[in-house]
Amino acid sequence: SAEIRAAVLADVLPWVQRFAGRIVVIKHGGSTLGPAPGGDARPPEPAAPGAGIPAAPACGDDGVLRDVAMLRALGVRPVVVHGGGKAITAWLDRLGLPARFVDGLRVTDAATLAVVEMVLAGQVNKALVTGLNQAAGRPIAVGLAGCDAGLLVARPKRPGGRDLGYVGEIVRVNTAFLLQLLEAGFVPVIAPVAVGEGGTRYNVNADDAAAAVAGALRAEKLVFLTDVPGVMADVDGDGEPEVVSRLDADTARAFMARGEIRGGMVPKVEAGLRALAAGAGSVHIVDGRRPHALLVELFTSEGVGTMVVAGERGRVA
Amino acid sequence: SAEIRAAVLADVLPWVQRFAGRIVVIKHGGSTLGPAPGGDARPPEPAAPGAGIPAAPACGDDGVLRDVAMLRALGVRPVVVHGGGKAITAWLDRLGLPARFVDGLRVTDAATLAVVEMVLAGQVNKALVTGLNQAAGRPIAVGLAGCDAGLLVARPKRPGGRDLGYVGEIVRVNTAFLLQLLEAGFVPVIAPVAVGEGGTRYNVNADDAAAAVAGALRAEKLVFLTDVPGVMADVDGDGEPEVVSRLDADTARAFMARGEIRGGMVPKVEAGLRALAAGAGSVHIVDGRRPHALLVELFTSEGVGTMVVAGERGRVA
Amino acid sequence: SAEIRAAVLADVLPWVQRFAGRIVVIKHGGSTLGPAPGGDARPPEPAAPGAGIPAAPACGDDGVLRDVAMLRALGVRPVVVHGGGKAITAWLDRLGLPARFVDGLRVTDAATLAVVEMVLAGQVNKALVTGLNQAAGRPIAVGLAGCDAGLLVARPKRPGGRDLGYVGEIVRVNTAFLLQLLEAGFVPVIAPVAVGEGGTRYNVNADDAAAAVAGALRAEKLVFLTDVPGVMADVDGDGEPEVVSRLDADTARAFMARGEIRGGMVPKVEAGLRALAAGAGSVHIVDGRRPHALLVELFTSEGVGTMVVAGERGRVA
Amino acid sequence: SAEIRAAVLADVLPWVQRFAGRIVVIKHGGSTLGPAPGGDARPPEPAAPGAGIPAAPACGDDGVLRDVAMLRALGVRPVVVHGGGKAITAWLDRLGLPARFVDGLRVTDAATLAVVEMVLAGQVNKALVTGLNQAAGRPIAVGLAGCDAGLLVARPKRPGGRDLGYVGEIVRVNTAFLLQLLEAGFVPVIAPVAVGEGGTRYNVNADDAAAAVAGALRAEKLVFLTDVPGVMADVDGDGEPEVVSRLDADTARAFMARGEIRGGMVPKVEAGLRALAAGAGSVHIVDGRRPHALLVELFTSEGVGTMVVAGERGRVA
Amino acid sequence: SAEIRAAVLADVLPWVQRFAGRIVVIKHGGSTLGPAPGGDARPPEPAAPGAGIPAAPACGDDGVLRDVAMLRALGVRPVVVHGGGKAITAWLDRLGLPARFVDGLRVTDAATLAVVEMVLAGQVNKALVTGLNQAAGRPIAVGLAGCDAGLLVARPKRPGGRDLGYVGEIVRVNTAFLLQLLEAGFVPVIAPVAVGEGGTRYNVNADDAAAAVAGALRAEKLVFLTDVPGVMADVDGDGEPEVVSRLDADTARAFMARGEIRGGMVPKVEAGLRALAAGAGSVHIVDGRRPHALLVELFTSEGVGTMVVAGERGRVA
Amino acid sequence: SAEIRAAVLADVLPWVQRFAGRIVVIKHGGSTLGPAPGGDARPPEPAAPGAGIPAAPACGDDGVLRDVAMLRALGVRPVVVHGGGKAITAWLDRLGLPARFVDGLRVTDAATLAVVEMVLAGQVNKALVTGLNQAAGRPIAVGLAGCDAGLLVARPKRPGGRDLGYVGEIVRVNTAFLLQLLEAGFVPVIAPVAVGEGGTRYNVNADDAAAAVAGALRAEKLVFLTDVPGVMADVDGDGEPEVVSRLDADTARAFMARGEIRGGMVPKVEAGLRALAAGAGSVHIVDGRRPHALLVELFTSEGVGTMVVAGERGRVA
């Protein structure tokens, strides 16, 4: 009823005040997007020439974007960094280009880079911007790639000395421009394509980009929206991994060393630790499929997923 | 649960955006205040010299103030105008001064004025300011009387030519100062004591003061918090008055002419019509005892009490 | 004649330039106020029910307020902190509540606090604000109590461990809000009622409040307007105390230790020393009954009363 | 020699002063872009999977961008609106999608729209932004599509009632955001993809988009960079068309009516006339292949191509 | 005594408030200047080569400048326009150049213009600036001639068609620059040398220049400091002219028509009427030799000299 | 041709960006000025009384001023400090006053000071201001002497203890005022007459004044425009001195010690070294007669004259 809703609203007052004006960086996977605008009305027929063209995505009903709009309305200053791996792979498939990964990083030759940049900066980014504007009911989003205002500066990434082509790691973030946009009330939506020496573009892992942005902005929170419930580890020793609700940096490193944290979670946690080291307040690994995960995390006493913080001595639950 | 709360939060997005930055003037009766601070711990004993001294009120648990704090946190710019009739009458009783009313206006001689000013500007105002600061968890309220920065300028009010003593009607509001405070993020809390020529102070009816402030500020809404459910009238002709949920100015005037609206509601509705004429967006007569009446009114689709608007032709329900 | 007046005006140029833009905190006793507005026209008759009600004071002819208005016009930024002991005692008498003091501090139970707050914040403060506006010919004064914008934060004062009830000492001053008002050209007029934990209000000694405000603002001068000519001490050893025109902190402490300074002057000097230690430029103890004492002190070469400074070695005259 | 260069520099003083702070909108065809970054070093082999992938373009050596950077350095405030027809057609070819045109407008079904958006906003836009930043030696460009900050709002375009699919015409430009960027010293680079009701994206003709932006901004100049020398017409009646150096609106309309101006030049001139009607100062149709066409046009007495102005009566040369 | 001085100070409060922030343009004759700096210590010996060189003037003891400094300190915004006829004539004498006047205007050939500009802008202006800074005890004055920031734009003045050489009349004043200086707290000191087409400098009558500046700035007052008590006319018909204390424009014109006002006073009054017509509040013709004439005029109820106002009907005393 | 000119313009982009917003102080000799305005039209006849009056100079065709205007248009922030020795000497001659120099400094008695101030601040300064405004086509120049806003504060200069009369050396520069003017887009043009204690004016060597200003402003460059090609020294030991294109401070000092640099160049180099020590970026000694020497120096790769820098170890060419 209206009164229960009002009561709920009244209850979140302390959290609203707590986060008013704070910067929260949200890593959005880019894979929760719906079908193309008007896609239902005008689907390319199977046998038609456009068959297999990955549709331009729409975002009108993306719950995450509605939550981001609500964060903004409640005075939080959100920054979205997005990926788009699935869309990239679909396009590469359609074009007959193989997708190849080394340690979770996409090996990126010139042709792949061309596709990556187009899909991330031209398709996913614009779909998210449009969707966020729709969710907010007014134009609050500004989409950016690393070249815009020199936002993300990168150098080639050579993990273990291996050449991955146009894969980069971020060495500088133009926070002045981001702060200008935030000050003017906008929500920056950032595609992780960076620029290096001589104007060369680089494909950057989205988790890494989000961590670099959060660290450079000294964000209050960095939230990774994923498709798992959080960091899993067998803390109670019953042989079954549980979601670890809170981790400090040392414990996280220990868990990675012992293999308790492994697989795709390792680079994510490492990115989070870099953000913490650079000055972010806390890092959250959260299941983006859970309804209103962002709002629950920020505006209720019940945290979700795993929170990683810099300073504590091994408090784990 | 946390998720239901988050879902509720997400649902209010359109309203939050609708009222962001808008001015809402709230008439607070001043009679919902709790006992004195430490009043429980140190009550003056019945036989003690302080017996019968009306206690300094506290406001920490005043639901209305918590709602006002929430309005502020949600980006609304509230202004509170308060009364204090019950506290004034209690003090006058204690001092052996009779309370006399003409058409709902307190006849105010010099001694009464001294008490009125002290109680309104010194006791009720400061209790509300303190309570609002407590509710917000940080100091957002600034208490003012009409003399402060020349806020409320009045002349003697002579209804039907009768002399009511130091009873005034407002002729000018210093909106510049109020806007400065609002811009700086404060919530003005205003005691309805105004100043006239030569520095003479005047007791002003709180509804009239709230209407003058709302009109001068061209407020989005003026909300009268009362202890009735709204404007009552027998609209459906079954001999039983119902709450009228929506009234336009012409209909309101017709109802008053026909006696459908009568008694203490008449000056309240008339004050509201003056506010509308001066530029306020809408006027709401709401039961302040209902939990979260302010939040329900602003942030749900279910209005409460009676809404009066300027422009429509007689739409009533 | 006009020319002599102009010549006098021309002569004060150096002082006007010296104090332009500087903050001067003035402790106003609150006891120089005149009769109620319209009090002459409508006096409550002796036998009437209002007999013995202390009249609401007016300030139109208060010379101190005219001097404060002139300070403002000359570019000084004055802040007024006021007491109101006499009015409080008169009200307590009227209400049959005993006034009890320990070491010059009023023991304050809940009933007394209610009266203190009403009289200081509701009566004396508003009378001074109105009077200052009248003296200036335009609304330059804004009256505040400690709750407004969290201006004065206090904790219980327990001198020698004794419980005085709701008597507080100031632990924090919201200078940001005061500076905002000063920047906008207003003269803050402050009633010494502070707020502590949980919203509890505290009665604070006005000298202490003025010293706390002057220290926090690093005021150029703190002027105590009193009803004595200054600090008296038998400096020349003729057995007769003279006004000491200038004192440094060490000498002041020595005089207090030797009993040269005693009685009500001791807490005043101690308050002044705290202000100096916190960063005020100088402290002046001045006879507020002397015509234009403030203007003489600031704008002529002839100081009045006693000036206390932090840094010198025992220069006394 | 250095001195000749300095003399040249000195000579342009009047023009530099003339255009300081003025907005100049430049329609860039998007087809002058060079090869991909590192494209020489790592060309996809003919037989390799990436064969036929249109390379991501680079812009480092694009003379137009260097001129735009120089305009900015000279105090002009340029805005770039770009097309990208060739790149779009290349991608559609690669994907086996037919490119179909009606009256010079690309019929745009959902699959085509997906490609158009990606190529314009993700590839050409980012290449131009990177190239402009390279040319300037510092990050001055910010790439935008119509969704960003609600920049370009469109509705479906139905020329002669024909349904062209997702082809739009611009109905509103968010000039506030553009002016904010210009004020901050940035050069907006705009891809002509607009957003309509419900978040539907629309493909907009780049000339139309440039004209809408120039009109909304009341730009000093709108410069169409083309691959012809200007508007051609047989003015002297020798049977051979010449470049018309100056046209007013009426004459332009007459030439179009008489068929003197025809083919692809007609919609370009019509777009220019709309910009003039909306408040642009003048429109220039210029050969972008000519070295430094922009600089010659603005900073020498020798205009290039055709200048169209609103107000004159038929002055033609 | 100090108290009388303080009382005087207190009495001027209404006037100080009345003129706070208002612009007052003062025409200073430039002839009240004292001897050269160090002139006493190092006078050029009679027989020495420098004999007859008009000494560079000093201004340290110029009462008018001290009054101007006081005006500034009291919050008035003064602008000084000065003449320098005596110094010019002395230099022309020394150089053997004849001083020739037509209707009170100095016929100005190229050689005379060179001397006029040097003496006004180089000697008198700098002496006044230095003197005002000395009087104020800090650098508040900025000296300007008409060329600076395009302050005074003139065309040749041809009264009755006669050619006076480089004598100009002002056609435009750069008020923006003056307001910028006033806003920053400076006192502009203006030499009446203006600039016309092609950079030609013109000698402008100082009264005319002051009137042009006062009119363009819509000054509160324009004060002509002269060496007569004011406008003289035989108002009471006793055959003896008296000082007319107040004149409206129509009466002034009538007096000039009847010859009651004549001689050098005519162009001065005409200049004043132009200033009134352009928007100045009032014009004052005052004896600059009278001590503190400026302060008496502005800050006492006793006006001095003659006040000319635009709007009244013939009130004369 | 237009295209060559555009190409030249395009080539200077790196330099334009390099110096955008930087302060460049230019010492202008004051001796390149042309004849008086209208001087041709109305020359004083030889036998006429004005014979021998040095004409008021004009500057419309001064190439240096056009270059300064171009610097400003290109975003540089120039400050001009000028001399005027030739004009002073001409006036002294005309007045029969001897010009006497000690170590290149003009011995300045009271009569000479009067002439110096008039000529520098009244004639040369105003001619340069007018000329710069003409060159720019709009009023960008503001002429100042040391008294204006307390710009240049000096004390007597006593080289080797000798008394030179009113010759001063600068001890303080009011950079705040200069920066305010620069921020507002103006070009300050400064006459080297400073003010000392008690308002005494001092004649300051123009090179010294320029160095003091450049040092105080931490200018990017200080350019001395002279009438020699630069610093001459026989670097290659062939017995013929060459222009030294680049010198560091140590080398400069060594050259002066060895007598390689001598005569009038010594005080100039010493002034330059003081500017470098105070924070100027580099010092340039350039032939002002060379066309566009300023533009060549700043905007081409070919430096002119001699550049002196602080930090290098003896790199000389």
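Letters A, B, C, D, E and F name the chains as they come in the text, with residue numbers starting at 1 for each one.
Note that in this section a residue touches a chain if its C-beta (ideal position, glycine included) is under 8 Å from a C-beta of that chain, and two chains touch if they have at least 3 such contacts.
As the structure is a computational prediction, the values presented were derived from the model and not from experiment.
Which other chains touch chain A while also touching chain B?
For chain A paired with chain B, there are no chains in contact with each.
Under the touch criterion given at the top, what is the topological distance in steps from chain A to chain C?
2
Any idea if chain A and chain D meet via the same residues, over half in common, or different ones?
Counting which numbers both chains contribute, over half are shared, so the two copies meet through the same residues.
Please flag the chain sitting at the greatest distance from chain E, going by CA centroids.
A
Could you report, rounded to a multiple of 5°, the rotation needed to superpose chain E's C-alpha atoms on chain F?
It works out to 180 degrees.
Hey, how far is the Cα centre of chain D from the one of chain E, in Å?
Distance between chain centres, rounded to whole Å: 58 Å.
Could you state the distance in Å from the CA-based centre of chain D to that of chain F?
The answer is 46 Å.
Please output the residue numbers of chain C that touch at least 2 other chains, ranges allowed.
In chain C, residues 138 touch at least two other chains, as defined above.
Based on which chains touch which, is the overall arrangement a line, ring, star, complete graph, or other?
Shape of the chain contacts: a ring, since each chain touches exactly two and the loop closes.
Chain sequence round the ring, chain D first and chain F second?
D, F, E, C, B, A
Contact residues on chain D for chain A in the complex?
By the definition above, chain D touches chain A via 36-39, 42-44, 49-50, 53-56, 58-60, 94-98, 109-115, 117-123, 125-126, 129-131, 133-134, 138-145, 147-151, 165-166, 174, 177, 180, 184, 186, 193, 195, 198-201.
Touching chain F in the complex: which residues of chain D?
Residue list for chain D touching chain F: 1-14, 16-17, 20, 63, 66-67, 69-70, 73-75, 135-138, 290-292, 295-296, 299-302, 304.
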